[in-house]
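Below, chain A partners chain B and then partners chain C, in two separate complexes.
Up next, the complex of A and B:
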């Protein structure tokens, strides 16, 4: 605990030194792991204070170590990791020193968790009632009172008909409902601390807004403190009181949630902000953050600031030693040696940024024309009804045109994409490519796959894990005679095109980062230079900085190869950045379509309005209407 | 580099079940390979002066016949050692044969679906509805005794289980995005099956094969017990048990010793199968977590 002194000084910075009741206080927490004989500091000097009834947001990209804190608290750190120094005071007692018995007693009773995947966190073979009762009995509610208490808890999270819910199984509920059950369980023991680890990431935007609102409501009523882990900065500004930005296991910046976006002081926070597409205001080109976060195994070799290798403002001094945390203003601290100089530097940079154009059509002539296409899944047996996945619709796309298709899960947007690609049969209608109707024969299929290609949502499952990147990039050549030399050249070309290092063609997908995998995924679809790309949620699982890279890559491919893009997404700001035209879908029907800017600024359909409102605005002063309940909505969900 | 050997091969060697089972099986393999050198006598050599001798440590036993002799004066130890040859051959070939037939049909049925899948499924169900031993006996009657035919009949009986289990795997892999991705690159079905589907079913296939070893060994011994396996001139443990039955009241050893050998072998292969399955499952779990 050599650096306790420095940390003690910092404390005033993290939260205003008002006489507040502090619930959780970390001081100089270090988490080490030894890899190959070297000791790597996974978390370096984590210090914060969390007052009762407040929310601390942990924001960062994957690999930043934001989930580790929750694991330290729950004593679930992976084998080989150990907390080497520091203290973690929970209501005056050290969590790290507490006996196993005491700790077990706290968990679930005084400290509760809300998991990321509500569907998998609930046991599929037990009813909600059984699981909830088990939980209640564990913290000492008499069996006779359980049912009444459970129903009350479920009512508090605004679940309709809580009594009927008790006999249901997890799979009979929607994701949003399951997450509400998890929240109800977390709050049932009236805990002092709730840790929510990406609890809303798996949910639709509008469900997310309601769940966050619910969390805030319960917290305000019960005076609970919350640690809110998320990768979404926009969400953090609205869901938290205070936000800490983590990068490579280090707290880079801590500020009141309202200030973190607008008055970001750390270059990394700024880079995150500049890489996040906006839903409102003028569209400016996104600045991408090159490179990737250093892995844990290389931490030992970085003597100075861990962000220095990717930082635009890095100077020699940055690599000399770990920068101290400096107070910027009341409650705002930053770990950057040069933050004071940044103000002048960024002002220059911002003036030079140009204007941005989304993907407009190069000509009025259409490449692909679908007329009256629909999809109905026939019922499995006579008692069930046929399921309409897509009502009859027309669709055209011109060269270079980027069209966004938005809607929630189950709205039929993925079905549309798969039908255009030819992976799903059409129930009715026809598709023309360059004026010729596609049939079901082999020649049509060959023509189709040479002109239309699809980029799959999850690059992990779309890339055969047992083939090398080079083989995957040129997978098209598998089925036709080619020379090895020719193929090797093409794979290197493609790797360059999508911004991968040439050496990476020799690697396996599992050896690449998420962003690199997505690049392979995109590169593969470009091998035959198609005219249309169908992209199904390709940026949704990625970190913001990688997302910005991929989006700029797509726009670049459009300029170079004149490709058109059908972008299926639930993220309206991504669609706004890329697409000139947008289709809004609900329950298999297109309910609104038109120019992106027009639809977003003046939505006609109430559902479109609701979708737009559900996105957490980046402006901290803006109210987030999507997060407020109307009685009607609460009843529906 | 060793990178072409998957990591699970190494973890196989760290599993205790595999060490025990594999170690015993290795001994058996050595006995089978060097049978002519190890066996004190020819397995069919009869010494009618020394009939039903007890093992050498019992009164009346002779160091010439370490485990005694049977009713025809044949050396029990030599017959056990030569019998190990049959066991090892069956253990190594029958699972491979069943896996080949089963996996090919599983991939055809599971990948293409439709009528071929329907047909393969019905055949598998019909096959599985027969008691395995009865089916093998019928096949052996049709094929006539002999080592090759035993292998063929065991393979023909057991492929159905492989097919049924592997087909479920194929159905899962078929829905993966990378199979759809291969389709839109214009790959032919055969190419997709070889490059994308087959590598995915290998782990399940390996654990099925490990379990099949003990099943095949027992099946062969049942067939030789009823005299429908390898010919009478080849010594096999099942045949020794059946011969030992007639003289079991005068000397139990010709019956007990092959039975013990049998039990130990099946136990060892079960350990082996269990170990392999654990390691493979562990790797599957790890892979899905990273995926």
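Up next, the complex of A and C:
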């Protein structure tokens, strides 16, 4: 494995057959931006080849620059950015040199994009038919044939009743349906290249699996090349032929997709892998990556490897200069100065991994007991029916117990969380805390909020941007102005508890990173030492490495403060890592519940099995997505 | 250019759909009626609260107490205030607003005579203003990032600070007095006569093939309409520009660009309709201010519309006329609001279709 090849040979190695028809070829692409007089290299030396009919995955955390390539191709790089050198050959012509007219002509015809947010990517005041027709007319379909061709395209993406869809607006469809419309539109012109930027991130897991399957089917049939941008390494393993891992604008590792997980060679790729919770196999503690990715403005000050500051194996040589890309094996290259020594170094580290326990109850006695709670939203007018959000159910939680509630959007999982917190009225049933039933009076509310607290999903919008971190952490003490000294002490304790530096209490949320903001968000709910935390999707929007930090923090808080957690999540791997018990919900009903390991290893309900099957496995040999789905299944979405 | 698909009918079948539309329209009218009654009541009370006695204004200074009592009884002013209002309301439903104390003629006839002038002014002013405002907003946005954008934005900032009567004076000074291009006093030229058919001067002159009269009526309407247009256009231009800037940050615009659509196509087909939603709402909100503005414009340009009538009525405390005109203004505002509501309903499918 130690034999290193010269970089010049690299391109030939990545996709082995030289005679293969190359569609897109980037060579030494550099993207610069000028910040405060300094030139910062946002993307450094991006080189790859993408053959026809293949998929290149771009994997990385937010800020890695993985969306920038798509923006270079679409010429939508932000103001101030410019490609300073390199070439980007698209089917023999330089995309960077083409005239604006020529370039615009390619967009939509030969190069198509699938957006991240399908619901907002469709114009809300135009029907699907109007937008699709406009697109068809642009690439030269005669007006008379448009309708038939559109219906055919919509059939290809397995949308039920495509003819009826034409007169619908985006808001009448689900996210999965909108994304399938976008895919149908992207492939309608039989483009050479499709760029999918996080196209499945906003979708439910089972919808994600179907969308990936569609994408691969269409690609195979039409011989399209795809650039697949994602933050999910497991997904990239199955959706791509080749994967490139980006960190701070640099290609750290490029490998055949099936190798990226099991034969990760770069320390960063390994860190990503070790921070990803798994759905199968033994649960081991996730290793967290300390610190955060350097920002664009500091790139100019890093002479060497951009990952060095967070790398466990960094040595002085790492900062001496930008490391060369070296070949690991056929089609697998890595940019690491210490790659040759890495094998021996990691062997020492690996022996230290211990065992992991999710949040089990400390005692059998329950803290909170809900019996027969249900929620019905009354109809807005007489023509509509009442909407059942949650069918009558019982729920108990014990001290220190971590319970996961999983299900897709609209399953009622968030409603349950909000009812437990008291943000929604109960249609029926009652909730007891420590044996006393909660009423609707002010005293009950005070008792409730002293024992139950909610962690909101989006830390950015949940924290008032005009208040300092210290005040935010101790927000519940606003009503006790006489306790100023206590408050000042408490904010420092809380900052320490959630792993923030003490000085950070003087900062504003905007000055923190996403992970730090989520820590403040969690710390705030801990101020009055509640017994139960209700967390709605608090780790789903975070990068893998930050997600691991937050999950370990939650387990630590459990050990220290005996706090229990109701975790609402769509991510089964996260639930497996944190929760000892799980509730699977669908259409407002709990369809399966029990010990997490048991439910996941031996699911009883077909829906649970479907949920588990929809998660891209980390094993590259597993077949994912599964067998092609039926029209009936498609109709459910 | 593109095929148009009708929106999905909320209920199947043509007849139920028509019924539904009729019901929607009826509901629009019905819930506005109580509002009009409330406006009338408020005006009614205010007019009675002002310490002016119409009876003493009508009678010669030396009138006897008997005369006063007789007239008071004749006008119904001796009765309970609530009864007075109910009588007025009952008559109002048959479009009988009583007689003017200025000249004893029927109020409804006076209003009907004056109304066409104001309607002409309003229609021309609104259409011109909306067109001008949208054009300016689009132009400013189309040339964003250039010097033209800065100039247009700066001039919009200045224009927004100019009130309607000042516009009138500016236009009169430039086009009427200095350049002498357009007349600025009265509804038509002094030696022009137009046969009275509908009361709308331009329409009547067309119907009687009176080309000279049409040209005169038209040229007399240009400056007042332009004044109103400028008042309407300035906020619309600003709103259209800022809405477009916001819409251009939306994903669907980005997606349209990625499909290779031309700039103009994206601007006019994808962005404008979305950006027009807040703009149309703005017109609805501003309707009362704009319609109120016709009062000054009519009096500056000497147009015999209901604005002029109102000013005369206020000078002689002609309660019946004031009361009727207040209701007329309220109805006009409600009509404009209905029109903007309807436009929003047509433009925004979310209002039409329950998801």
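Definition applied: the second predicted complex is superposed on the first by the 611 of 637 C-alpha atoms of A that agree within 3 Å, B and C clash if a C-alpha of one lies under 4 Å from a C-alpha of the other, contacts with A are read in each partner's own complex, and residues count from 1 in each chain.
We take it that a residue touches a chain if its C-beta (ideal position, glycine included) is under 8 Å from a C-beta of that chain, and two chains touch if they have at least 3 such contacts.
Predicted, not measured: the structure shown is a model, and the values here were computed from it.
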item	value
Three-chain arrangement built on chain A, chain B and chain C clash or fit	clash
Contacts of A:142 with chain B and chain C, given as first, second, both or neither	neither
Comparing the two partners chain B and chain C, which touches a greater set of residues in chain A	C
Touching partner for A:467 - first (chain B), second (chain C), both, neither	first
Which of chain B and chain C A:130 touches, first, second, both or neither	second
Partner chain(s) touched by A:423 [first = chain B, second = chain C, both, neither]	first
Chain B versus chain C as contact partner of A:453, first or second or both or neither	first
Which superposed partner A:117 touches (first chain B, second chain C, both, neither)	second
First, second, both or neither for A:478, with chain B first and chain C second	first
Partner chain(s) touched by A:527 [first = chain B, second = chain C, both, neither]	first
Part of chain C, among the options 63-71, 135-143 or 153-161, whose backbone runs into chain B after overlay	153-161
Set intersection of chain A contacts, chain C complex versus chain B complex	none
Residues of chain A that touch chain B when the two form their complex	421-423, 446, 449-450, 453-454, 456-458, 460-467, 475-476, 478-480, 510, 524, 527
Touch list for chain B against partner chain A, complex	176-178, 180-188, 191, 195-196, 199, 287, 290-291
Chain A-facing residues of chain C, complex	1-8, 250-252, 254-262, 265, 269-270, 273-274, 347-350, 353-355
Chain A residues touching chain C - in the complex, by the definition given at the top	74, 76, 104-109, 112-113, 115-117, 120-127, 129-130, 133-135, 137-138, 143, 146-147, 164, 166-169, 171-172, 182, 185, 384
